[in-house]
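For reference, the structure I am asking about is given below.
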């Protein structure tokens, strides 16, 4: 053990096979999984060795499981890595990919859900994965893993093998953001539905009531609140796109930002409030662009720049 | 959920259950097998023996309906015997004659089950089943009907203007002042519709298929589009340094897409308009000049036509001069790599 | 102050001390910067030009090509009014605003019934004219153009010929005008409303009606032009306080009046003797008199006075005077008196003439109307006007409330009477109930008494409270609470009220314009669609959308949204 301490961590385990004569063939040994990895990546402690492509040594055969036949001890004259992936650039990644491919191959014939019907899962991000395996995995390579995971996720849940489930769980992010569904809006006993919207730095709240098409924004009529026709149209776009301008009244409060931001924040707010009245309008409103929060913001100024990206003029000396 | 208060339906389902042979379980399984690619039940089958995977006849028939895409019996109502018989030919043959006659008569109007009134009625019945009243408010998901999807192309918040108008507006915008540009744009369009109809020059024909000039002013957007599309160049000249040998630049014609063609045309018109002198004073002078330029384009008087001519001429001669891909055209084995360009010159012959 | 003389020697004044050079010497110097600054030598021009760069960059001289536009040409282009678009389609079946149409417009409802039966019998039953777009006759258009009733911002140039929407307020205005002419009294009105609500067009409607009815129309198209010191002016001799005439403006105005009202004025002849600075024949027509006044600015004002005297003489037609952007005349004008004091707008002769009639100080013996419209675009704020308008709106709202209140009160009284009538029956019913209750109570008590053990506690007090109360006498009549009229008070700390304006506006009526109704909006949009300028289907949805986008039917904004900005 001490003799190989100078070797790279990934090699150390492999070399152990050769140091001790009593080694089993790698094929029979259960391969470790990536995710039982210890947290300390950069320590040199011996617990690390488990994680590396070669298996630890079995000193005796008496702890073998029942039913497993005893094998003749094989003597390797040279260093033999546990897995052939040892010779690739990213052995752990390659192992993972291969095992997933193997899994998929085994369960390829199971019935699957229609595309899009599978539960949405957030897989580990590339950065997380890199952190865990400690290898520089390229994005394109990792996407292959994600692709297989995606396919495995589509196996019908009633027939999903336990093995697949476990593997999928290992690749899942700790928090699934897709479980976080928006609460449906409510219409209160007075018939008011509240919707909220944001755009740029504006925040809007709109109460939509059954009515005749009157709009008050911060207590002002539409023409007092917005000078531009474009902005006025934006405010009632949800109603306009669904032909409901004369069916509802809108009472809104909006603050922050400029006119465009306020108008488009109101678009979202009115759309959401309308959705509380008529949930079946969601596809129409989505297509009308009234359901999407525009996430664009002003880019922050950076030090050394005049604005977000503008550099000071070049001065000779 | 409170128990359903549907005594009649209960009786019916009881009656149906007395003939277990009718409840066909076999087709369901076989169907699932035949459609193996997708298994689309929403819930996983129950593992517990107490909750048997198979519901009573109505639920089962509803599931069948979902699978086959037929009209489904209404679970709130229970299943009339007739519905079950309709699925089961053998049972139908053995059924009493009265029921058989009824089945045949009802089969015709099965299609009008999904009307709004029907949905409303269903929802009302659901209210009753929940223990409320039939007159309770009903949620159908919409109150005034759902707009037809897909929506019209100008119904999206971000694409509400005509594409040409949008592009020209953005091109005449200065310092990011879009509202000013929009005001100018509306001035231009208004100018187009109040100006006397243009008299086109036969030497400078407009796009084929454009309406007669007398119709243009009342369709100012069409007017603008025709003017821009008519003078839009089909290509631009890209000069590659040193490609002609000896450091001389090689002029390579590159075909332009629709947006790029329009953009070039508008830029030319803008150049021409900014060189004009305004006749009046006050707001909207630029827009006035732009509108005048559009009119003179349609009338064939504008210098923009010459610019287009020049580009096309350069493009044609450049293509004749260069030979790198002429060898392909002589070789029947290789398709010409610039077929698109040839098409352009075919068109250009007419201009 | 200390004496400059020497204290010890009182007899001899020490003039030497007052010598300026000595004084400066003796003054202590607190700052040296002035001296230092004086010492710095400014670089001479020669030194600066020697190799040192300056920031001054010479611009290329603008090369002028072509002939510059003639004086006034560009302004004329800006102010040009186009009333016809030959591209637009002719609207079929559009009726003209003629005398018959005005009659139809002003016909009262109750009158309507009898007349409508007659019309029905004759087979001439006509539909409602309110909510229709009517065309203007050629001569009306000429007259309106002469008095500058059309403005560049109103979008006349989009249509084949000028058309006017008859709205509910137009009917009211026409009714009041016609009524005033009938009763030989004057209608004094201020038209107010939001920006784009059609104030100027309401003026135009009044003028068109007047021209159609054969009135004489005097219009000040823009009060700002009179008060913003752009015209020559002169004091009028023999007036205290001094009035100021504006000769050129008056001459021009007279010309406009003569041209616009030519049809009426050429048939009217001078009927009085006037002492005018120029000799005038005694039998010329009033149109000719206006022409004479328009020709010579120096005599324009006296001729205008003569003209006014003629037009207000017995048996002459009614007169309509209009003025747009009222708030310009409710404050000091930009003119200055020779002592550089500001001249109040009411000291300008033309304005004084108008406001005297607006305030009711001067009468129109033949009847007529004096109408002023406010302006909401780039007009000065007049606190006096704002207060008057606010109070007028409050009064109107209260009148509406009172109407409803009276109806409610009548209903309330009727209800009370019915209650009184029903009361004996109710009383009997209640007595029977009490009897039943007591019977029940007795039974229960008996039962309780019969039960020996365990004894149950009977809360007699609670039971008594639960017992129904007997009805003794009917409840007294409670009258409905009436809301009092609350007018916006004058702000005691506000300095911007104009006393003279207050006096003028003391008792004028206010017609406040709101948005048009959906039906009117629809009529307007259909007219646009028929003219070919609105390329859109006009249906309930599109009307509702434009109506909502225009802040609940502000007509100018509807036009802006449907015709100009969204093509």
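The letters A, B and C name the chains in turn, as written, and every chain counts its residues from 1.
Assume contacts are C-beta pairs under 8 Å (C-beta built on N, C-alpha and C of every residue); 3 or more make two chains touch, one makes a residue touch a chain.
Heads up on the chains, UniProt names are A = Small ribosomal subunit protein uS9m; B = Small ribosomal subunit protein uS7m; C = Small ribosomal subunit protein mS29.
Since the structure is predicted, the reported quantities are computational estimates derived from the model, not experimental observations.
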item: Chain nearest the global centroid, as defined over all protein CA atoms shown; value: B
item: Chain pair with more C-beta contacts, B-C versus A-B; value: A-B
item: Relative to chain C, chain with the most remote C-alpha centre; value: A
item: Whole-Å separation of chain centres (CA-atom averages), chain A against chain C; value: 62
item: Euclidean distance of C-alpha centroids - chain A vs chain B, Å; value: 30
item: Whole-Å separation of chain centres (CA-atom averages), chain B against chain C; value: 49
item: Chain C residues counted as touching two or more neighbouring chains; value: 565
item: Chain A: positions in contact with at least two other chains; value: 230, 233, 240, 243
item: Contacts with 2+ other chains: residues of chain B; value: 182
item: List of chain C residues in touch with chain B within their complex; value: 66, 69, 74-75, 77-78, 82, 85-89, 157-158, 532-533, 535, 564-565, 567
item: Contact set on chain B toward chain A in their complex; value: 36-41, 44-45, 139-144, 146-147, 149-151, 155-158, 160, 179, 182
item: Residues on chain A engaged by chain C in the complex (per definition of touch); value: 213-215, 221-224, 229-230, 232-233, 236, 240, 243, 245-246
item: Interfacial residue positions of chain C with respect to chain A in the complex; value: 194, 196, 540-541, 544-545, 547-552, 554, 557, 560-561, 565-566
item: Contact set on chain A toward chain B in their complex; value: 111-114, 117, 156-159, 228, 230, 233-234, 237, 240-244, 247, 264, 267, 277-281, 283-284, 287-290
